[in-house]
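Read from first to last, the chains carry the letters A, B, C and D; within each, the first residue is number 1.
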Amino acid sequence: MVCIEIRYGGPMTYTAAVSGATGYAGGEVLRLLCGHPDVQITTVAAHSSAGQKLGALQPHLHALADRDVVETTAENLAGHDVVFLALPHGQSAAVAAQLPPETLVIDAGADHRLESSRAWDAFYGGEHAGAWPYGLPELVVDPDGRKQREKLRGATRIAVPGCYPTGSLLALAPAVAAGLVSSRDIVVVSASGTSGAGKSLKLHLLGAETMGGMSPYGVGGGHRHTPEIEQGLGWAGGADAQISFTPTLAPMSRGILTTATALLGPDVDGARVRAAYEAAYGDEPFVHVLPEGQWPTTKSVQASNHVALQLAVDPHAGRLVVSVGIDNLTKGTAGAAVQSLNLALGLPETTGLTAQGVAP
Amino acid sequence: MVCIEIRYGGPMTYTAAVSGATGYAGGEVLRLLCGHPDVQITTVAAHSSAGQKLGALQPHLHALADRDVVETTAENLAGHDVVFLALPHGQSAAVAAQLPPETLVIDAGADHRLESSRAWDAFYGGEHAGAWPYGLPELVVDPDGRKQREKLRGATRIAVPGCYPTGSLLALAPAVAAGLVSSRDIVVVSASGTSGAGKSLKLHLLGAETMGGMSPYGVGGGHRHTPEIEQGLGWAGGADAQISFTPTLAPMSRGILTTATALLGPDVDGARVRAAYEAAYGDEPFVHVLPEGQWPTTKSVQASNHVALQLAVDPHAGRLVVSVGIDNLTKGTAGAAVQSLNLALGLPETTGLTAQGVAP
Amino acid sequence: MVCIEIRYGGPMTYTAAVSGATGYAGGEVLRLLCGHPDVQITTVAAHSSAGQKLGALQPHLHALADRDVVETTAENLAGHDVVFLALPHGQSAAVAAQLPPETLVIDAGADHRLESSRAWDAFYGGEHAGAWPYGLPELVVDPDGRKQREKLRGATRIAVPGCYPTGSLLALAPAVAAGLVSSRDIVVVSASGTSGAGKSLKLHLLGAETMGGMSPYGVGGGHRHTPEIEQGLGWAGGADAQISFTPTLAPMSRGILTTATALLGPDVDGARVRAAYEAAYGDEPFVHVLPEGQWPTTKSVQASNHVALQLAVDPHAGRLVVSVGIDNLTKGTAGAAVQSLNLALGLPETTGLTAQGVAP
Amino acid sequence: MVCIEIRYGGPMTYTAAVSGATGYAGGEVLRLLCGHPDVQITTVAAHSSAGQKLGALQPHLHALADRDVVETTAENLAGHDVVFLALPHGQSAAVAAQLPPETLVIDAGADHRLESSRAWDAFYGGEHAGAWPYGLPELVVDPDGRKQREKLRGATRIAVPGCYPTGSLLALAPAVAAGLVSSRDIVVVSASGTSGAGKSLKLHLLGAETMGGMSPYGVGGGHRHTPEIEQGLGWAGGADAQISFTPTLAPMSRGILTTATALLGPDVDGARVRAAYEAAYGDEPFVHVLPEGQWPTTKSVQASNHVALQLAVDPHAGRLVVSVGIDNLTKGTAGAAVQSLNLALGLPETTGLTAQGVAP
């Protein structure tokens, strides 16, 4: 018997160059692309490690063990349909400028996430490269419930969101957009696996320092993800959003658990909230509003593009508490990149992202 | 040469009975008492396991390996100077009533923590046993800075605080007492090691379920520690304290990292806040307000009665963020019990609690 | 443009029933089958939990959240092309006997792994169900290098190997088959993640008991995997194989690191050993003999069907030391099941198993 | 009432200088000395970090937070009763030579562990400083059962054993000394927490690399602890001891689980073995031969000087399997140092080491 499968669309495969290939973000992009039927990993680049085989640096990517790592230069990145950037601050714009305008450039760094130059100056400094379409398709970006997704279709430039903003924005945007909570005096506390800090040789990131304990950092409003969260909530209708954001480091490799709280408007109860979230996310392939009574675990979405979310209304405190679990490297970084790529290239949005969570 | 040490005071040693000896809280009490020069562990009791040797159930307590575990009955607990209770809800009062009034009874359970019958009914149910002196010596209990310590001197009944309230109250009481923050709309998110749930054979507490991930629980105001935190802040002067409290489970055995935020009053800056905390805790042997720039880690206080605390003022969000690390079993439970015992018996407060944190 | 893909072969999809669907092994089978293009998960069954939705029990399997769990009965398992069994000892044969002979029955339990009734009696007891084709395709099963793979093509009954034997056999069979080491006085020590013990509510498997420490169990030859390892080495030519096997429990969810040592024959050096392993595994899609100097990590193969292996010759001790990393649930259980299914059904062997390792 | 305690002996306190104060070994020495009634920590030194406060570098040592870290120079180390060295290879002898002969010098490094210059050359290279008394008091050092302890009484130079040899030697020496096993073809596999590698900024030691997985290293006889283990067994009567030793890295901060196997002599059964170990260790304060059926866990001895040991005879494999749990930093390093100090200074051997294991 002969089975025939007919697919409509563009070229069979898109060629991709992935920079930062030896880091955690780049490695996760490569891991996902290995399973993407329409993308061919053509070039793997890094700013150091050039000349080595990828297998020595990313031993889990068995299919790419024999790939040569080349230097991250405009020359090496040119000539591909898609280029993934993971460069130090301030460098993406320059590199992108040297690539043909029809190249799909996806930036995992922060350079193109913020619209506001003032926010860029306050939190990052240096030249503000300007904003590219923000790679969070499920983000509710106006009170009528329209999604960020529409801005990614056919895009040629994409800014991958920060990992913490991903969880925080998915947690809060529907309630903000529906006017169910105030966008002022939002308090978010997140716990992240240590891969979020990158392959950085710092004392506090050693296994012996991190295993078995937790600690906060970047406390007090200085964390760079604060303006990014406020920006996203602003799109959702939360004028002058104001967040207290505290990140903490948890003794795990992957995952972010976000606890986001917002002041409930008058006469807002659990049913109205749940209805708003089910309206916002009910049709989403990756965002799951859990059945009542089931709490999100980061393990349930580990190594996948899925998002687990639960709502709780605290009438005594007058707050909505939204708990969200994501994988910081997948939905928080590389999964978002691939999902946005699919939209940009007109492919089915879930292509290459169909893996379930890895548990236990 | 002969060295002579002269000690003034009561009997050389106090006899102690420890119930719940096979659980985590009871085990931690025993671990600390093994190193307490003035307390002799006379009786170890548990509600099951009677007849076994303690070494089979608590293999880390080498000095007590050969002790026989007896049943937790009033008879077995009688005849000691000190009795530590770790019983299911509603049972402590009955047992304590059968002990001589001069016995020092220290209850690790919740039965005697709350003053308000209404709060007891709402969160626990069943008969309200009434409140015993609350075993958190460093708690600022009035705006003049007086401490709970004074209520523990010479006490014969002590209620050991809950682990989460310990971190939350130490985090917030000085600011509330000094009028620097509002006691309303406080938001606390805590991450705890799994020993906080006890030696409970529940699926979600299995190693394969907990390792490598995080999850929230008891979200939305229903957690029993909420009224306890509000009560403590009320003592500190925070009338009608109102907390949104979210506990989360972290992939570690021990430790609680508390992130507590409160709305800053007008004209309150970091210097005023730091001054208030240094005034409150500067002379405390166990509570350490860290130098600026140093973040508290739960590892730095692991297995010890120490508390690591850091302050951050977020002018943008208008909130004070206090981060506190404790060990849930030590300062959060058994260390508090022993510290309170020392005060009750008129011993130096740090007796048996001088161990440093265990790191890495 | 229209792209046409032509596939030759049997039916588009095979229907599958998976029992033990709520446990770790069954859950891993389901996770892999979700990504298998030729298998349709028709029925999910468990011996308890019948009547519940799978999403409540296996929250990481988002695609199957709404599936009803049915009871594990012959009736419910009938009518499928493939049936995965994960039943308590002694039950598989009876269930399989009630299924049509052309059904592909894959048993994750131990019942059909051992050929020897004597070994079955000594280590398991109860009726010996007899052996089914052993699901370890890469196992060298005779000195000429033939592989177990051939016995799986077109099979209708498959016994999935035990997780520990998988690592141990892959570690040693090539050297034994090539006559480079003695099959007597082999010493193996393995460290496994706790998911290997199943979703078992036992004290020693609690997170608080397992996190941060290690312990051995089943020491002294009594472990049921000993005869299984010896049987496999016997197939490879190791007459009267004799293993000292010690399993240990490691503080991680997944993974097995196997350290296998065997006495080197005369004049056997590292080059001869490496040549034998490269001959045995060089063409294997899943087993990777690492470049010299690179040590296998269980993370590099996490959640994948890959195997990382490294060789070391210790001339001083006269032993070959082979280190092997696998994921106990994937290559150690469900991946082996799917890989064997592919062979049995005549599908490309790697179908549904192309995922890279999940790291970090 | 006045209680009088009379103590006989030398000075009330001995002054100590601790070098490597900012590393894990030095930090553990300090942690233990904080609780040693007879030792006063006078000087804390490190090769970098001079000029900083210790609290910034070892935040868990609250009692020493305000200490100034000085440079590790002979001048700074002079003038103390006890000097703890933790220096890079080859430097201890030179520093010790500049200290008065009556100073007790305790070297945590490897320089003075090996008697054989040939072994030193083969495994370390550089000048062989010669051996100092080996700091493992419980080591059986001749077939009559005499212990290494006697060589430490009154010593002025002590070489602290390596962490892996501690577990391996305690595991095997009694059986070797009693002639119950062969000292040839011993196979040891150990799993260690990552603190064993020190505060070393290396990629493979990052939390994201180590959490959730295991890997071997130093496989094939090259590990420097091999000659040390063979030396110790030689003292116990194991002429020409020959070890295959494989270390593995486990996802925990502290602990070593040692699995040591040796070929049983003829007619050696479990009872004879148990009798030999109980004779060797029955009176030891720190080494515990567990009751039959109880397996050692590294958690049961965490952060303490205790050792948990269990025996298993495997008649099928003809091997004795000894499982030993220690804490690599405590009994494996600093606890051994303090225990040896007590013997050297004529203090009760358990002084400052009475802490129980920290579990959970």
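Simple rule for what comes next: a residue touches a chain if its C-beta (ideal position, glycine included) is under 8 Å from a C-beta of that chain, and two chains touch if they have at least 3 such contacts.
Predicted, not measured: the structure shown is a model, and the values here were computed from it.
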Quick check: more C-beta contact pairs in B-D or A-D? B-D
Chain separated most widely from chain D, comparing mean CA positions: A
Distance from the CA centroid of chain B to that of chain D, rounded to the nearest Å? 34
Distance between the CA centroids of chain A and chain D (whole Å) is 46
Multi-partner residues in chain D (2 or more other chains touched) are 24, 195, 208-209, 211-212, 251-254, 297, 299-300, 302, 359-360
Listed in rising order, the residues of chain C that touch chain D in the complex are 185, 187, 189, 191, 208-209, 211-217, 219-221, 226, 242-246, 248, 250-255, 257, 259, 261, 263, 295-300, 302, 310, 312-319, 321, 323, 325, 359-360
Under the stated contact criterion, what part of chain D meets chain B in this complex? 1-12, 24, 27, 31, 34-35, 55-56, 58-63, 65, 195, 211-212, 253-254, 288, 290-291, 294, 297, 299-304, 306, 308, 329, 354-360
Looking at the complex, which residues from chain B come into contact with chain C? 24, 193-195, 197, 199-203, 205-212, 251-253
